[in-house]
Each structure stands twice: as C-alpha cells, then as structure tokens.
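Same chain, two partners: subunit A is paired with subunit B first, then with subunit C.
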Partner chain A sequence: MYGWHRKILVVDLTSGTFQEEALPGEVAHTWLGGRGLGTYWLYHHLEQGIDPLGADNHLVFAAGPLAGTRAPASGRVSASTKSPLTGTVFDSNAGGAFGVRLKSCGYEALVVTGRSASPVYLKVSPGTVSLEPAEALWGQDTRAAHRHLAGAGGPGSSVVCIGPAGENLVRFASVAVDGRRSLGRGGLGAVMGAKGLKGIVARGNMPTAIADPEGAGFVCYEMEKVLKANPVTSQALPEFGTAVLVNLLNQAGAWPAGNFRQSSFSGAEAISGEALAGSLMEKRFACYRCPIGCGRLTRTSRDRGEGPEYESIWALGANLGVEDLQVIAEANYLCNRLGLDTISTGGTLACAAELGLEADFGRPGVLLDLIEKIAFRRGVGDELAEGSRRLAEKYGRPELAMQVKGLELPAYDPRGLKGQGLAYATSNRGGCHLRANMLGPEILGTPKRVNRFAWAGKAGLVIVMQHTSAVLDSLVMCKFTSFALGDEHYARLLTRVTGEEYRPQDLQVIGERVWNLERLFNLREGFARADDTLPPRLTSTPVSDGPGRGQIVELEPMLGEYYRFREWDEHGRPTPAKLARLGLTEVGSGGDAV
Partner chain B sequence: MRYEEFALVGRDLFASGLISSHGGNLSVRMGDRVLITRRGAMLAHLTDEDIIETGLHKNDSGVALASSEIIVHRAIYRQTNALAVVHAHPLCAVTLSLYQDTLVPVDSEGSYLLHQVPVVAAAMTIGSEEVASLVAPVLASYRVVVVRGHGSFAVGQFLEEAWQWTSALEASCQILYRVKLLGQPIKEYRQQSENYHTW
Partner chain C sequence: MKLNINLFATLRKFAPPAARNGEFTLEVPKGVTIRELLRLCHLPEQSVTVVMVNGMVAPLGAPIEDEAQISIFPPLAGG
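== the complex of A and B ==
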C-alpha cells in the first residue's frame, strides 16, 4: 500500500468511542486525500439540512498521499465540514505539520462526529487514541492551549486547537495549527467548539511507503530546482512574505478599501510587505518541508507573533482605513490568539462601519476592543459574530455585506481582475481567492499574463484554475508551489510515490470531479444559480479612479460562458452527461458510487 | 482584430522559421466551441476573417473553412484540459523525428521546460483520425509532441504558452542536431539527466 495508509479514524464524541474504517483503494485513487476525500466523506455521511453546529455535523481532518515523502510543502492539513458561516460544504487548508503527523499515526483522515458532554481534547498516536478532559483549557487562548497540548503530546507532536471564539460559536472562528498557522476560513473553529473539542494532538512515526523511491527522488529534485529558479517562490515570498502583494495590487488599482468603496488605499505604502520587512519583522519561518518559507515572525512594542499576512493586512488595515502597521499587527495577533478568521473579522467590521454601527478603527484600542467583543460575543460583538451577511440582513441593508454565499471577500477588487470576480461568484465555499488563483495570470503573469480587464474567455481559465486548486487541496500541497510547478510535476511525483499511474490530465479530471461533487452537495442544500453572484457594488458601481477607472464586473455574460463550459444547465446543475463522464452518475441521482 | 494573440503568435511562428508560408495552425477552446485558423491561412498575416469558429463536439458550417487539422485539435480538447493548441513544422525537430522515438534535450532551457518530447508515427500524417488518436493521449502527459516527418502539436492554457513549448522544442533540437553532427559525447553538466527519459 504505497502512498496511502488506507485507514480512517472515526471518533464519536457523544459516546466517546473510536473506530478504524478502511479506506478502499479505489476511493483513495479517485479522491486522493485532503479536500477530495473530505468532500467524498461529507457527501455520503451528512444528511441534507443538518445544523452545522449540531452533533450531526462531521469534521474531517485529512492528509494527502504525498505527506511523509520528500515532496515540498506537503506536511499541511485539510479540514472539511459543513460551514456554520456559509451552509456550504467547506474545506480549509493550513500549513504547519499536522497533516504529516496525523499520517504518521497511520491514518489518512480523522473524522470527528457527535458532541462531548464536557470539554475534551483528542490525543492520537499509532495504535493509541484517547480523549482527555479539557475543562481546564476551556477559555484559554490558542497560545496557552497550544503550549499545554504540545507539552502533553511531547517532542515531535503537532497540535490543532481553538480559542474562545470557537468556544463561543463565532461563525467565523478559526482553528490554530502548530501555534503559527490557521485553518482560517468558514468557521471550523465554531464546529470544534460546538462539539466540545478544544484540540487535537498527533504524534507518530509510521513512514509513508514509496513505490519508486529513486524515481520520486528525481522528481522531487526537479521540483526543488524549479522552485529555486522562480523569483516568486525563491525571492518575493521568502523576502517579503505574502505581503509582497500589497503594493502590487494597490498600484494596479485592485486593492479594495473602505468596504470596497475604493479600489486603492492611500496608506498602502506604510503597511506594505516592504514596510513590514523594514520594521516589525523578526525572522522568517517555513512550514514542514517547505523550501519557500513565506512565514513571518514579527514584534511590536507590546506583543509578538506570526504575521500579519497579506490578507490580514488588508482586512484589518485598508478595509478599515487603518494605516498603522503596529495596530494591524496587534489586531492580527489578537485574532490569532482568540481564534478568529482575520478576513471575515475585517470584512464584518467594515460592513458594521458602513451600517453606522462602528467607526474610527484607527483610534488606539478601538479595533482590539471590538475583536475581543466578537470573540466573547459581548455587546455589539454578539451581532458581529454572526458575520457580515447576517449582520447586514438584520439591519435591512444586505447589499452592504461584501460577501459571496456568506463568506467575506478577500483582498482583491474583482473590478480590476474580472476572472477573479467570476472565481468569487462560482466558488463552492463562497467568496474566496484560493478556489481559483486568478492572481497568477491577471496580475503576476504566471503562467502567462492575460488582460485583467477583459471578461471574454475568462471562464475556461477560471475553470482550469479551480481544478488545479482542488487537486492541490486534495494532494494537500501548498498552492504557492504552483507559482512555479505544474500538473506534470505533481502527476509524476504522485505516480512514483503511489505506484499508480496519474497523467497530468488525470489530475485535472480529479479536480473537476471534486468540484462537481462539491456543487452537488451545495445543490442538495438548496443553493442555486442566484447564489453564484457578487455584491451589487461590484457589478454596478464603476471604479471611480486609478487604472481601473470605470470598470465593473460583467458577471452575467461570464457566468453564462462558465456554465456552458462546465456543461451545467442554465440553473447551474451538472448535466447527466457531465456526471457520467466524471463517474458521478449514481452520486448525482442520490445513489452511492466511488 | 478580435483575437490579437492569434496574429502575434502566427507572425512569430513564421518569423522564427517554424512554419512555411501557409503552414501550421492555431486554435483556442471557448467552452464547447473552437476558434481555429482558416484552412490555408498565412499565419504571418492573420486578419479577423482568418479566425473560424466551429463546434468542439459537433460539426457546423464553420468546419468548411477551418484548418484541415481541426480533427486533431478537437481530439486534443476532448481528451485534455488544454485551452490552446499550436501546430508547427519545426525543421530540426521534424528532422530528428525521422531518426528517434523521443527527443531528449541536452540544453539547459529544454531540460528545464520539456525534459523529453515523445515522437509518434502515423502513415496518414495530415488531418487524420490516426494522428488525432496518437497525439491527444500523449498530450495528456506532455506539453508538446512531434508527429514523425510532419510537425509538432503543443498545448497550453494560452496560445503564448503553447507557442513557448514549440519554440523551446525547436531550439533544443537545433542544439541536439549540432551535437549529433559533432559526433562527440557531451560533457554532462546536469544532475540526474540520465533520468530525463523517464519523465
């Protein structure tokens, strides 16, 4: 059994019992791992309409077939569930080493079901699984909880845990991974909180068997060579981190500010990657087996921690009119400690500001105070903890929530990247930049540069990017590797590790299959074409100045092209012919299939 | 010009000597439609009227004007996720294809971008089902393939990308050809180059 251990650990927190389930070879081959396996599991095990914060929801942590090999940036973990923020199927993906540690316990995936009567944490090692009391940890922030759990796990262990936001069921609560990374989006922390699960510790030593070690070594060598040769992965990300994008996007007039009322921010330079590198930066860090090393450890006069990443600088900075990097960094540290998604926190606060509920985030203490109120659901924080869509709907101004399917939009104004607009609208987990990396062709020129203001022909490109994203999330490899590597690298390595043939084209088909199964899940939950949309501001209010002056997102024609290209009907439903080609016919008709 | 990239790539193909005056063809996929150069078009002088739209799965009247290689382009789009195809007649690549079953670059750029390029052989080399059935499956695994004695088919998400693989292929083959003429073993400068034939 090369590549996969072929076992899934299922933990029922209601009864406090564990069982191992076999992972059939055909399922592993077809869905790979990570997001693909998580989607497959959820589609088959969740009843339509279940409460994401109820005992019936499942939370699937999964590694990938390349974890435990020399593959670059392959120690990550994917976690899938039904999101309390969006109601869609939702996977989140984080760096660190939890994926490879879970796998080295002998499991491809860990499924958490049920609800514990009292707080617990889960301890996993090869052949030993235990639930430990966590009353003493309940209420602790992620830093303290991580310290405790890492100590309990011992050297070489990896930890995921939640903070007070998850315990208090904030709909955009995150999960901290190894104290430095986060399963940030979609409220997975709230799902853990609802289950009474404070954290998980994994520690193991089981190697991943490789079918052709010499061949795999050659492909890894080639991959590392290409990563070193590409300036994005060998210079820009290592030197400036993800924040290298601040000035690039701002100069392109595609960096939204003030809840997307502007498309550039006058204070960008002061909060850019260059400014961060020259002021707060202490040192870089890299995730497990990552040659890129985009992580930042930073320090302010009062605190220190990881980040802020590009998206956090935007969400807690430009989007709120804050141009003090210290304030942004401390707000970011606080979100991480309390276990909050920085993008949704910033997006919800920007919405609140436009609703007239809050303002003046740059004033000392205001932003930090509001973040605490959200995490503990105190005062106005209780409303904000529901996310921007529910907040804006409550106040009768749904158009002021900059979200898709309930997920707050990230730091790219799609009026300046039309393909990204289509990617936001059609994303299966809501407004997200990681479902299809149109930043590559529309801004960075990888693999080739396209006209970012054009909309015709973007559908095909978005679809390829969506499939690539689904594959990387199923291999559980970092998407940043794809700035330099292509499908052929991943396919050749996968073939040599597993001993099963994967052509580059096969990976695209796997990505397409994952995408369509996610779509089927969402359709079953009642989502429809009307949900493949953008906030009206982006489709009807032209950019007022800068390089994108006069631009809107021409969503409707792009969406029509997209559905046709996908072979979906006009309602956004995969056609029977498409499902048949993907081997999803029985699934699409409510039956069971690999 | 509706699709400027066609004109740019067509001009460069001719200027680089990778096609003769009326040789080669280009296409892009738009969902279930294909835009392809007109049969007999001079790629160095493409105009709007030289870009023909036809069906990917079904024929329509557009096929009467489309390149004779439309059958190969369609097969590639049906069997891969390519969004663009470039077909050219690169002299050195075609020459070497008459002797070899695979082209393994020895230069740095070719090693980096291509590793190796398969050669397929067909008796009916132009616009044939046979070529379509041989070329499309190979392009599920490789960026570019050479049809023995005929020319190259390269795929990409953009015309520019497929053009890049075509250009790199010919540059590598020019060097391979000279290496063969010199007849001496090369001084190896790469690591693991003995594995390139396994790519």
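== the complex of A and C ==
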C-alpha cells in the first residue's frame, strides 16, 4: 500500500508483550495518520472515565503518510492520549525526526498501554522490539537520558524521553524529542511516567512506498521553492525564530502580562526575537527535511540549549514580570531538562503569584528554584505540579487560573483578537493557539484582514483554521509550512504519494471529521457547552489601557454562531445530520464503523 | 509634524544610524499618508506587511496625525 505501512505496533507494558495490528486501508485513507489516527484509536479503545494516569490509558505515537518521502518538514511525530491535565482527548505534535524514524521501522503508529512494574525503555527497529531496563536512567534529566538512549540506539536513531517531571507525574510534564524539541502540552510526559516508560528509541531503514515517485518529487521540489521564496519562511522565521512575534503582539496591545492583568509588557523589546538574535543566539537549527530552520541554539554565561521560543519567552517572561532574557533562557533550559511544558509552567506560576503564594520571579534564583520544586513536587511545587486550575480551585479562587478546560492559555490576549478567544474556548484540547491561530486574519491580514475587535463573523474563520490544523497534524507536517503553502499543495502531494485522489476540499472534510470525533470523545467524557468558555477576566474585565482599552471578549454570541456553523445543537452536540455527512453516524451512536 | 517610528525584525536594517533598537523620530509634512511615510523612510512597500498607528493596524492610504506612534513590520508569523 502506497504512503502507509499497514501495521500498528501495540506494546503492553503490564505483560511486557508486543503485537502487530493491521491498519485497514479505509482507516488510513479516512484519518490519514498522526492526530487523526490517534483520535480514531483512542475513541475506539478507551473506556469512558478511565484515569489518564492509570494502566488503562493509551499513548499513541503516530507518523503520517508523507513521512519518509521528500516532503518538507515531515519528520515530525504526533502523540495522542487522554490528558491528565485536561481530561480531554489530547494530541501533541513535535519536530525532530521521531515520526520518520518510527515509520522507517515499518509502523504507522506505536501504541503504548498498561504499566510496567519497574522503569523500562522501548527499543524499536524493523522486526525487532524490546523492552530494556531503565532503573539506571530513572531520575536523569532529558539531556542525560537522551544521550544514553541515543547511544543505545546508534547512529540514525531517534529518541523520545521524559525527565523527572514526567516521572513525578507533574500534570503538565512534557516529552523531549531528539534532545531539542518537545511534545510540550497536555502532560504526555506524566502519562509516560505513570507507565514506567522512560523513553523510546526508534531506528529503521524501511522506505515509504510512493505511488508516483516522479510526480511526488516534483511537488516536493515546488514546495521547497515556495518556502524558500516566501519572506516569512525564508527570512523572518530563520533570522529571528518564533520570537519575532513578541514586538508585534506587544505593539498591538494583545500581549498579556502578569497573569493577563495587563495586555502589554514594558520590557518586551529586551526579551524580543530581535534582542535574542543580537545577544544569546549561537546558531540556527532545522528539524528533519525542514528548509525553514526556525530553531535557535543559544548560550548564557552559565548554560546553553534550545530556544527560548516565542511562547516560552512570554510564559516565563512577560507573564511573570521577568524582563531579563538570560533569566528566561535559563528557566527555559531548565524546563526542557526537567521535562516541563513552559506555557503551563509559566501560567501556573503566574496564577500562584496572584494567589499570593510566590511572586518575586525577577530575583536571582527564585524562578529556577520554583521550577525545580515543581518537577520534583517539593514543598509548594507539589501544589503547582497540579496545574493552575486545580491550584486556584484549592485556594478558592478558580477565576485566577487563566486556562480553558485546564490547559493554561498561551501568549495572545483574546480581548485584542476576539476570534482567538473563540478558538481558545472551543479548542478540543483546551486553551491553545495551535488549533486555530487567528493572528493571520486578525493582525497580519492573511488570508484576509478582519476587524480584530469585532466578534461577528469570526466563527467561520475559526472553523476553517481548526480543520486546517487538524489536517496538518494528521499529515503530519509542520504548521509553519502553511505560512507559504496551501491545501492545494498538500492535496497534490498526498495524491502523488498514496495513489488515492485527494482534492483540497477533501482535506477540509478530513479536518472536520477529526474535529467532530474529538468532540464526541470529549462529550462522552462529560464535557459540555459550559466547558467551552474563557476565564471571567477575559469576558468581563475590560483592558485598562493601550489599543484594546475597554475591550472584553463577547464569547456567548460568538459561541452561538460557532455551534450553528458547525451544525451542532445548542448544547454543542453534533447533529445526526452532520455526523451522517461525515460518516460518523455509527461512531456517534456508540458503534464501531470507520 | 513629528512622528515616533519603530522598525521591527528585518526592517531594522533600514533604520537611520541614530536609531536605537529600530526606534527614531522623524519630521514629516503635515497630513502625510503611511505610503508616503514609507517612501520617506526608504522602505520598499513590498517589504512591509503591517503598519500600526498607535497600536491599530492602518491601511497604506491612511493619513497620519501629529505625534503618532508608528510601528512597521515586515512579513512575519510564528506561534
């Protein structure tokens, strides 16, 4: 079968056994891979109400049909599970090369179930799978564990691993990928920790069969040319990295600070992408087959490492009142080493500060000390390790947690980008900018400029972006390619690689199907309209100054419009007619069809 | 009239030598539009994607008022 290997590797850590399951062609065509395949698997294999940190949870690592081809930025991996932070279905997506290495072992996906009695790591190669003891690695940070596992895997291997935060079941623990990238959000690291799985090493040499090698090669060539000609993907991102956005959002008065009490930060220039390029930057790096190269390797006087990215600069900087780039970079390195999601770490610390627990993050050592306490659940760190929602509820002030469905919000104040507010509220994995990023239409003017302070008419744009994100996460390709490429490129390449006809509009339907199945999963878990919401600060406290002065997010009318456009009922449930059109009727009624 | 101008990212190379972090003031004729301002700053129009006047995105034909804060950005994205 072109594009896809027909096998899924299922590892049961409780019994220490492996089995290969067939991937039916119809499932592959319908769900593509990555996030789509992960959602499909979880919907059909997880019982309602299981404990995300229990043996019953599954963790699905999945590549996509384009992995192993010449497609740009296609080495990524998607990982799906039921999140211990949100309780929703949750996929996280990371650069590096794990996706393509897993695929070159002959598997579209690797599913981890059960729980090992003692720490282990998993070694995968074509025809050989083994569980290896990892007692000696338990307690090691991600740098040390990566070195060890990469050594065990040999040249050409790829590694995912957790640090102490995952081992200690911090609800927002991340998974390090190839030592430089992270499956950051949603606590996938804690799921691995709960299973006693320190890491996975994959190394293989099985090629991806391509239906039309010449045609696919030409489309890839064309895509690379477009990426190299576009000023965003050939200049802004390579030169300044993701942090190029700091000044843009700050000037627009949509850069939150101090747990969203302010909408701009006076120290923004000092911690911007421009400042980073002129101070700590050592060199750029790129993920597997990526012509963009937005990664940064940086150095402070005491440490060096990857990043900080735009979101981390905000979460560990502006949101905590820190305007020293060196402090932010070292906090970011430490989060990466310990295996912590930087956005949730910063969001939880900002919440703690407003609760009066901790405040003086700018004082030398305070921030680093707190990050360590979280990862090892020491002292106050044990409470912080539960995330901002549980922390604020414990102290009787739930409104001070800036989160949606338990996931801490990222670096866009939705009072200055109203559509982003709707995107946060309706995101199936909680407060996140990667399900639909409204920066394009609301500030940059792509694909068209809309009034960022208006609420009417935003639902349609958010929905299209949610579908596009779901498709890219299922393909599995980097979203940054979409700054230069469109559905037409992805559909043509997918057709040439798989031999199946995909039109751009077919991709939108696939995205919509993934979105609705995620919704069905969450509804089954008890989520409802009341969970499609925002912290009250954003819906009832007007911005105090700057361009957005006086603005709030008018969520309710936007949500009504959104449900109507989605053909969901007033409770946010997909209508039978919608499910029928998406081929989800059997699934929606508890059945088992594709 | 006097404008406070901020250039960002790849546009900073177009800033005058006295500029600090891409920021400088400029005397311009009253009622100048953004398009005319770009010409006065020697900024190629195609290298500019967003111009904000006091934090609000403004079209190229918009006239500028005295003492406005102008922020000029090249094509960019991220997340």
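In the analysis below, the second predicted complex is superposed on the first by the 594 of 594 C-alpha atoms of A that agree within 3 Å, B and C clash if a C-alpha of one lies under 4 Å from a C-alpha of the other, contacts with A are read in each partner's own complex, and residues count from 1 in each chain.
Here, a residue touches a chain if its C-beta (ideal position, glycine included) is under 8 Å from a C-beta of that chain, and two chains touch if they have at least 3 such contacts.
Predicted model, so just to flag it, every value in this text is computed and none were measured.
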Handout entry: Touched partner set for A:31, first subunit B, second subunit C, both or neither
Key = neither
Handout entry: First, second, both or neither for A:376, with subunit B first and subunit C second
Key = neither
Practice task
In the overlay, answer first, second, both or neither for which of subunit B and subunit C A:461 touches.
Solution key: first
Exercise for the section: Considering only touches as defined above, state whether A:314 meets subunit B (first), subunit C (second), both or neither. Expected result: neither
Exercise for the section: Have a look at where A:491 lands relative to subunit B and subunit C in the superposition and call it first, second, both or neither. Expected result: first
Exercise for the section: In the three-chain superposition, say which chain, subunit B or subunit C, touches more residues of subunit A. Expected result: C
Practice task
Considering only touches as defined above, state whether A:527 meets subunit B (first), subunit C (second), both or neither.
Solution key: neither
Problem - First (subunit B), second (subunit C), both or neither touched by A:247 - result: second
Exercise for the section: Once the two structures are superposed, pull the subunit A residues common to the subunit B and subunit C interfaces. Expected result: none
Fill in the blank from the handout: Listed in rising order, the residues of subunit C that touch subunit A in the complex are 6, 8-10, 12, 21-22, 47, 49-50, 52, 54-57, 71, 73-79
Fill in the blank from the handout: Given the complex, residues on subunit A that touch subunit B span 215, 218, 221-222, 225-226, 229, 441, 447-448, 450, 457, 459-461, 464, 467, 488, 491-492, 503-506, 508, 561, 564-565, 567
Practice task
Name, in rising order, each residue of subunit A that touches subunit C in their complex.
Solution key: 230-232, 235-237, 239-245, 247-248, 251-253, 269, 273-274, 294, 310-311, 433-434, 437, 439-440, 443-446, 449, 452, 479-480, 483, 546-548
Problem - For the subunit B and subunit A complex, residues of the former touching the latter - result: 28-32, 79-81, 83, 112, 115, 139-143, 156-158, 160-161, 191-192, 195, 198-199
